[in-house]
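What follows is a group of structures, each given as structure tokens.
Each of the next two complexes has chain A plus one more chain, namely chain B in the first and chain C in the second.
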Partner chain A sequence: MKKSKLSHFLIFMAPALVLIVTFVIYPSLRTIFTSFLDENGKFSLKNYVEVLKSRDTFDPEGFSRGFPLGTLLHNLIWIAIHLPLTISLGLILAVILRKVKGGNILKSIIFLGMVMPMIVGGVMVRFMFDGSVGVVNGFLRIFGIEGKTWTAYPDTALFSLIFGSVWLWTGFSMVLYSAGLETIPKDFYEAAAIDGATPLKIFFKITIPLLKPVTVVVTIMTLLWELKIFDIVYVATMGGPGGASNVLALQMYTYAFRELNYGKASVVAVILTVSTLLASIPLTKSAGELR
Partner chain B sequence: MKRKRYLIMNLIAWLIGLVWLVPFIGVLMTAIRPLDELLHGWWNFESVHFTFRNFSASWNHPTAPLSKGIINSLKVAVPSTVFPIIIATMAGYYFSRYRFPLKKFLFTIIILTLALPQQMIAVPVFQMLSSMGLIDSYIGLILLHTAWGLPWITFFMRNFFVTIPVSIEEAARIDGASDFKIFLKIILPLSLPALGSAAALQFNWVWSDFFLALITIYSPDKLLATQRVPLMRGVYHVDWGLLSAAAITVMIVPILVYIFLQKYYVRGMIGWAMK
Partner chain C sequence: MRKFIVVSLLILSVLLISKTLTVIGPWAGAEEEKFLPVLKAFEEKTGIKVEYRIYRAEDLANLLPAQFSAGKTPGDVIFMWGWFILDQAKKGHVMEVSDIISEKDYLPGVLNAVKLNGKLYGAAYTGKVKPGFWYRKSFFKKYNLKVPSTWDEFVDLLEKIKKIPGIKAPIASGNGVGWPLSDVTEHFIITFAGPNVHKDLIEGNIKWESHTVRYAFEKLVSLLKKGYFGEPTEWTMALKQWWNGDYGLYFMGSWITGMVDDPDDLGVFALPGAKGVVFGADYAFVPKYTKYPEEAKKLLAFLCGAEGQKYQVQQGGHIATNKLVPLDAYPPVDREVAKIIVKMEALTDLDDSVGGAFQTAFWDQLKLLWVKPDRLDDVLRVLDEKMK
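Then we have the complex of A and B:
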């Protein structure tokens, strides 16, 4: 490790720092600042009270009436369904497809969900759950069930988007788990097989524990993705009908660029950021190891 | 017994695979078959005709032509890939080789910004660009993408440089090469695989971006490809042929990048997420 001269700092580091500070750090601080200002420019918690009390954010009546339940709960429901499903599906697919004929082709196709722009992903989700051309209804029709356009009804809109986003994101955990599986030495499996362990036992006692570091990373990245979800909702339902599939990121956009209420928009942005920062705490550990 | 189990596993795997395959086939069929054949579902193959009308209709759409969107997206995505990679590679190298004040603090900040949602900067950035006259301008959007890409590429490249042994550079230094020359002549050529990964991912992310474009670009003829997709939806009913063709056109570019740079892409994805 060399000691730096000023000229080195100016050439190597300064351009990056200037841009990050100007377009990322400073705007973030200003958003925090704006969230605490009332319309007269005085410090207040008014925006926070308004946003947290708003039905957009949390709507307790939804429990008896049905959706919408508010963006905060919608994002939480998203996490509660999407996180366990994508992680377990990704792991299972990574394990199975390793031993299957054409497994690599299937992996590539599943991974396409992650490669396409999420705005196109939203169109795909909307397509799958459509009343006439949708794949879901085509499948149900085999059993004689006549479906509907699932994204157009308050009670099914959010769930359609969530299951659609599972379809889009599973490729991510699958690819990371596939890479993780490569690092497990073959001897472990051979030794276990000689001891007479069943495949299921090997999976639970060897594969899952050894993949724990991958699981941590996949969990964090997936959490961040679920919290930031925007494009899919924007193009598929625009948060509707009647806010039934609205999420925090879209609520922020609506406040800021439709209602031009920067105070409330900033509050939603701060809530969103606090959640993503909490989710990514384990990542900052690698900064601690820095020399 | 063993053979039977192998067959069953293959069967299960391909059944699960169908869940991913069928929607892609569906979108493709909807895009390339005429409307009257789709009324009873695209899975009806009694009479099959192919047409490219939907592709040409979305390509030359009267209010939101995709042709223009694709060109606009390239105009934004290419510089937004090149600039941050140059700047962040240098910063990443600096982090990996030098001691300097506030190093830990700066690195922590960079890691924290990795988690930031774009909504956190949206309003101030919109106001800043407006006051600089850079709203509805690609220069403004390229600046944003560059700044937004810097933290992760810096982090990614630093993690790569740490794996290159310092002894190579020391040998060159004894021969009298300057630090900057060592970086250009020795380090950069060694970093080509990592640079390839960073470029593939950054390009696809900029191409796929919707939010930053949405808040900064609004003139109809300047809209990027991703911004034109929602405009194809139609107001009262969804024209699925048109929308499917548009979706395929917009996703083809990142998919091509993925196919041609698959090795780098997947490695980058793993490196981006891990460590």
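Then we have the complex of A and C:
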């Protein structure tokens, strides 16, 4: 009986296992293996040393001179600005639009940024910040401020992309928070109101704590997206000017497809995977505890 | 009924048997319209159908290595950078075409980019010259401007254009991935460091931080600092803005003649003292994995031969690499370009020749230099690092 159960288990699991092994496990192991091979096919740490020592990855001179600071720091800056902004904006919009007439239509419009392919989003970001036709400069001109092509300057290129991507990604957190808000029982709000709690107190003491599982999911998904960010940067600035908006995924692409150096590209892939795991495991764990 | 079935089967078998070659090239829009007649001429001549697909060289650089490794190809004749063709030829993915391409029919040295151990692995199609700064004759006439013959006159001209009301900057700066900036930079290198230094840079015989190269860059930087160059703008948008009078000059290749409303209004001049000019040929090759090797080679021979190139140069904006193309095939506007290059040494495009990671780094560093000219030292240092 036990044997037949095991065979049934294996039969049903086999298709999924074959797919996972072929398309996830083998390529991952192969990438790790490649990252340790030098140009002569010998096992060494040379690729790691070269990538980690490279100015492309970390450029301390940038602190005194200005951008670029290196892809590692650029990704961290991206996370530091983009993550809190998208989460807070998504939450605020979800709460505000919940009770507004036509709120669902507004939510759909905001969500359009998320539905759009990120390549198209990147092109739009480039034009949004353009000196002649950009909507950002059009807005600034109302206040008499003469704009510039923000993506063309090293000091503003990365920030332009980050703020542009906030527009593209906020719809995601807003939709998840909207769904989360529907799961909070109305009794809680009614009881709090009877007890005389102010709307602000209700928001901080009821809404935010009860949305914690949603916040964990949004944080994990956003963090993973930020770490692997590529398409917007590739289309809008190609990592420039002078590497000022370069990110890890684009660095990996450059190593692989411009330098044709798959060893160094694999090193960046490993760094990205490790960073992703380091970021997502504790968050996933806390999500499990919440359940 | 039986007749119908027989006829249907015949049509089906003809469709299945008929060979369709796929050509992959970078030309889209107006440039594509001028390339399609060449393919049509081949179809009419041979009866072989040809399909054209557009891929940017940057995208092909990602796609082709993986396809070739799997023994497949997305096209039968592919237009690509010379350095990339050679790289793939070394790996055994490219067909040798020495039997169909006669080197003596081409401009001297133009096939070197696709030659390996004395064998040809591709051929040169037409090329584009990057002759200098384009201007509208009507614009110069309206503001009483003159083509400069010395560096001082050139700077005076820029100053005069800068003072014209409504002008954004004297020179438009085309951007995108960055190649338009590299073209104007190469022109400065050729003019102020000389054609030999340009060649040495390609071969890695001289450092970017060397005195001679720095001198050429300092000339460029002096103009950038004075605001004579506009902000880098997507190059087709910059073209429209320049044509509409937002800028006075635009450094671009000879293909510009096919992209403006009135090519007769175009004038061009090189930097005073320039002794060389970049001539960028378009290279094509036949991948080893084509299903129709003989037909593909026939198409390559046609395109790169005198007949195919003649069809292309007649459309304007292209200069033949094949010496057998008659001069009267060119439209009048291209003769002005020809006048410039006849006195100068034809040089290969620097970043296209070096290729690889250097090419994108070069474009990217120039984008930085354009907005931060005071960071010249950083730019030259990075270029030296990327050349290694």
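Simple rule for what comes next: the second predicted complex is superposed on the first by the 269 of 291 C-alpha atoms of A that agree within 3 Å, B and C clash if a C-alpha of one lies under 4 Å from a C-alpha of the other, contacts with A are read in each partner's own complex, and residues count from 1 in each chain.
Assume a contact is a pair of C-beta atoms (placed from the backbone, for glycine too) under 8 Å apart; a residue touches a chain by one contact, two chains touch by 3 or more.
Note that this is a predicted model, so its numbers are computed, not measured.
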{"item": "Partners on chain A (chain B, chain C) - clash or fit", "value": "clash"}
{"item": "First (chain B), second (chain C), both or neither touched by A:Arg65", "value": "second"}
{"item": "Partner chain in contact with A:Ala249 - chain B first, chain C second, else both or neither", "value": "first"}
{"item": "Partner chain(s) touched by A:Val123 [first = chain B, second = chain C, both, neither]", "value": "first"}
{"item": "Greater chain A contact set [chain C / chain B]", "value": "B"}
{"item": "Contacts of A:Phe257 with chain B and chain C, given as first, second, both or neither", "value": "both"}
{"item": "First, second, both or neither for A:Ile194, with chain B first and chain C second", "value": "neither"}
{"item": "Touched partner set for A:Gly240, first chain B, second chain C, both or neither", "value": "second"}
{"item": "First, second, both or neither for A:Val268, with chain B first and chain C second", "value": "first"}
{"item": "Contacts of A:Leu17 with chain B and chain C, given as first, second, both or neither", "value": "first"}
{"item": "Chain B versus chain C as contact partner of A:Pro154, first or second or both or neither", "value": "second"}
{"item": "Chain A positions touched by chain B in one structure and by chain C in the second", "value": "126, 130, 132-133, 257"}
{"item": "Partner chain A, residues of chain C touching it in the complex", "value": "61-62, 65, 87, 175, 177-178, 231-234, 237, 241, 356-357, 359-360, 363-365, 367-372, 375, 378-379, 382, 385"}
{"item": "Residues of chain B that touch chain A when the two form their complex", "value": "6, 9-10, 12-14, 16-17, 19-24, 26-27, 30, 38-39, 41-43, 87-88, 90-91, 93-94, 97-100, 103-104, 106-126, 128, 143-144, 146-148, 150-151, 154, 179-180, 183, 204, 207-211, 214-215, 226, 229-230, 233, 238, 240, 243-244, 246-247, 250-251, 254-255, 258, 262, 265-266, 269-270, 273-275"}
{"item": "In the complex with chain B, residue positions of chain A that touch it", "value": "1-4, 8-9, 11-13, 15-17, 19-20, 22-28, 30-31, 34, 93, 96-97, 99-103, 106, 108-113, 115-120, 123-124, 126-128, 130, 132-133, 135, 138, 141, 167, 172, 175-176, 179, 213-214, 217-218, 221, 224, 227-228, 230-231, 234-235, 249, 252-253, 256-257, 262, 265-266, 268-270, 272-273, 276-277, 279-280, 283-284, 286-287, 290"}
{"item": "Contacting residues of chain A [partner chain C, same complex]", "value": "55, 65, 126, 130-133, 148-149, 152-154, 238-244, 254-255, 257-260"}
